[in-house]
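Both complexes below contain subunit A, partnered by subunit B and then by subunit C.
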Partner chain A sequence: MEHVTIGLSAIITKDNKLIKKFLYGLIPFILLLVGWWAISLRLESYLLPSPDTVIDAFSKAICTGELLRHTVSSMVKIAGGYLLALLFAIPLGIMIGLWQRAHDMLNPLVQMARFVPSIALIPIIVLWFGIGYQAATVIIFWGAFSPVLISTISGVEGVEIEYVDFALTHGAQRRHLLTKVIIPAALPDIFVGMRLGLSYAWRAMIAAEMLASKFGLGYLIMDARWLMQTERVIMGIITIGFIGLLLDFSFRSAEESMLKWRKGMVLK
Partner chain B sequence: MKPKLELRDITKMFASDNERRLIALNDISLSINESDVVVIIGPSGCGKTTLLKIIAGLENSYKGEVILEGKSVKAPGPDRCMVSQMATLLPWRTVIQNVEFSKELLGIPKADRKKESLEYLKLVGLEQFAFSYPFELSGGMRQRAALAAALMSDPEIILLDEPFGALDAQTRKDMQEELLRLLQRTKKTALLVTHSIEEAIWLSDRIVIITARPGRVKEVVQVNLPHPRNRTSSEFIEIRKVISEMIEEEVKLTKRNHV
Partner chain C sequence: MRIKNILMIMVGLLIMPFFVSTSEAVERPIVLALQNSQYAAPIYVAVEKGFFKQEGVNVEVRSFPSGSSSAIHEGIASGDLDMGYVGLSSALIAITRRPVVIFATTSVCEVPIIVGLNSGIKDISGLKGKKIAVSRRGTWSDFIGRDLLSRYNINPDKDADMVMIPMPERLIAMKNGIIDAAVVSPWLAVKGRSMGISKVLVLPIEKFWPQTPGIVYIARNELVKNRKYDVKKIAQALKRSVDYINQNHKETAEIVSQKIGLSPELALEVVKSILWFSDLRKDKIRMVADALYKSGCLTKFPDIDSGVVPLSN
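Up next is the complex of A and B:
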């Protein structure tokens, strides 16, 4: 027994840190699963189905292609709405960050807009666009827009003057500053906004699908609820969380490779 | 001989909070010849850094004129490259990308500027760190990289703002030697600001002593010792004594004004 544990820890320390991190991250999931299973034994299945019932639901939904169809529908929506938000929020944020008058003019509006959640817009968006992709895109756009905009503004406003001075005394013209100094210096903040924006957009999308859609993971949950299929509700929840995790992970990897120059991120 | 750089009656005022105007620099006039190494020294707060920034074109509300090679200059440019106290480099660029920055701005082809920047990196002994990021370098290495970047932009005059202030004593000495070697080799004109009297005497052809605020030129001391200078020679110590006394006088004056 003793040398088994030693052997295990040797494997963990010898192999790279990633595996160690992954294993540590797995522990709460295992505890959650055990807890769920224990509680589900004491409850009616419609209140909390057992893990194996949910696994059954998963395999059924995967085989019929239902899960894939809804997942793809959600991914297409988020891609459209999110990219559109980046396309508008980043340039606008740079402009507000650089130009004091634009800041004075637009800041109150921006600050107000960020307190209006996407979900509050759903009734009026549905009124205008009906139920479907257009409505979802607008709602997702709104969810992602403010965090990306606000982080971009603060990133641009926080650019150290010494970097600008360095560029100017090494021959930069005003027109060089945006691409050679401002954007690269603000990029870490822009990334923070983009990651935050993605999670906001994802939540907004699920809400939109629950209330104003006939496809997608949010719709899947509502559909299962109407049919009292709690195991499919839980399947939907798990899928939403899992895809969110995947999105965040791929985002972090992209961020890490693009921001290698940042000390903190490299050391972490 | 026509001077490389000339300052004519530079006066700079700061508006302080209680509407009183603070005179930072008062009628500074100075001329620097080709390939000269001039050091500006003075008590802290006398506006030395401000003066360098004015020359670099990074300050715009001042009176007087900065004349480079007979032409009045106002905007910043690579002809007056500045190395800052913190050895600023662009942190998102590798060392070599920082060094070749000025050539990249000029649109020089990648292969050419890479070749040239590697030569400069070799000159400052950083060729193995060409592809490191600034955060991976030590303080002295960052200074070397910043110097290489400045030399690469081929300035008429290189401005150095307390370049070795943040370094430990040994690294500081090494860097002083390094700088002198680079300046002699590239025949560059240099204007350096420092707190250290010893550094000033060791490096410079001329030392400009600035008074306590408002900063004026108190005295210009010619240093006619041959290089490499001996920090313990009697001439060296004599000059050091003279300059120390002048600066102490100014420091006392500042203290009295503050009481």
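Up next is the complex of A and C:
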């Protein structure tokens, strides 16, 4: 009985912590909502619709399936382009990080490319690939590629030499160094790059959808803009932000799970 | 004492703009937005020939790239701009959602439908199943494109693929086979023909919406109320421009060619191809509003009587 009580107390205490964390995170949103409502009372509705007008827009978009349709379209686009970016950027980043010649050859190009935003490439990409999923995939790929690549290079280059020496002196074969020492040690940086890449890819996709697409959350916002439906514009913005939050949360959970070994070794 | 002096100077500097701006507000120029295109010809002419000055109105013209109707609507809504010209469909949407009125027109807004030279499309029925580039929902080109297809029993959402491609990229997209047809502006139709990429399939305004104001001028209600005579003078100046254009195609083409980077010959062709008039016909506008409402672009029917206020008569 005692064990059960202690167990339950532990669960309740853990749940209390999560609940507290959730509530703290909710406070800024509540303040924002109250502020928005207060300001909307003083402004014309075409400048800032009230929260209830936006909620009304949400319910219409959900009931007609419009919001789901556009959200799914955006998610499908981002999945393809983002995974492709990881597939190329991580191995390339490892190669550049490990091999000096590759670094000397490719680094100038990498540094130049990373300053070119996806949005600048849209006119060219649309001409080459049309306006379907192919073009969106390329735009998203470009958006995610640089941050993942650069973080991977940085992670690999930052692996402490002591780890490598320790592994070698304890009998590790050279071929195991990559998979058992270098990649695991570089993973935290790679994950940072992957998270950044995801947010850049998401933004690139929204921009692409605004300019040349028939579906997606970016298209939804531009459509609402043209029809001067500010409430739908705000609805689109909130949806984008919310999905971004969910994606980030999923990412962090996966990161925590894969980097369990860091627990107790770092501040957070 | 020194700190006190510094503080007084700072307070003086802070309140000075309020006095300056107050006095400027009385003679503040009216900010008129234009989109750099053939349809801005009346404004180009009015500036070049001094019609605004002759009418006694102080106008500051601000240029935007062609296709900037959204930016102009938003500029007017925020107060950065006082007035501007936009397509009729977006103007009708605006009068239902924002405190603006339509006060003048200068032309139809012809939107030629072009097809690739080797597309094999001979008439409008040939557009069935094809990819047609238009602008966004609610724009004039989208409205006319859909209206045209519907008249030939082609459902634009089911029997054709209406794709949004920015206007400047439509010719290259056609050349690369990405699209089969496009709804374009007159200058782009002329350019497409001169580049050997496209040919005009139909001029839908001439055929189905004759004498319909397509390019209209909108202004904030508040401006029309507080500075009605200035707005009226601007409308009068624009009417004079329209009369000038109709009598002086060649001179107008020279002005337009300098402004939008077309050769004088192509500019002349474009200027001649547009029907310029200043009669803001409410009956025609009502017909367009009806079609827009039925298509779902308008969530409520606009009050044409209060939203359309002809000031050039």
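A few points about this structure:
One rule holds for everything that comes next: the second predicted complex is superposed on the first by the 246 of 268 C-alpha atoms of A that agree within 3 Å, B and C clash if a C-alpha of one lies under 4 Å from a C-alpha of the other, contacts with A are read in each partner's own complex, and residues count from 1 in each chain.
Heads up, the rule we're going with is that a residue touches a chain if its C-beta (ideal position, glycine included) is under 8 Å from a C-beta of that chain, and two chains touch if they have at least 3 such contacts.
Small disclaimer: the values here were computed from a predicted structure and weren't measured.
Superposition model on subunit A: subunit B and subunit C are shown accommodated side by side without a clash.
By the touch criterion defined above, A:M228 reaches subunit C but does not reach subunit B.
Using the contact criterion defined above for the overlaid structures, shared-chain residue A:E162 touches subunit B, although it does not reach subunit C. After overlaying the two complexes on the shared chain, residue contacts for A:W261 are found with subunit B alone; subunit C is out of touch. By the document's definition of touching, neither partner reaches A:S118: not subunit B, not subunit C. In the superposed pair of complexes, A:L211 makes contact with subunit C only, with no contact to subunit B.
Minimum Cα-Cα distance between subunit B and subunit C in the superposed model: 50 Å.
The residues of subunit A shared by its contacts with subunit B and with subunit C come to none at all.
Taken in their complex, subunit A has these residues touching subunit B: 162-163, 165-173, 176, 180-181, 184-185, 187, 259-263, 266. Put simply, subunit A touches subunit C in their complex at residues 44, 46-47, 123, 126-127, 130-131, 211-214, 219, 222-223, 225-229.
Only residues 70, 73, 77-78, 90, 93-94, 97-99, 136-139, 162-166, 169, 172-173, 176, 178, 297, 299 of subunit C touch subunit A when the two sit together in their complex. On the subunit B side of its complex with subunit A, the touching residues are 56-58, 76-78, 80-82, 84, 86, 88-93, 101-102, 105-106, 133-135, 149-150, 153, 159.
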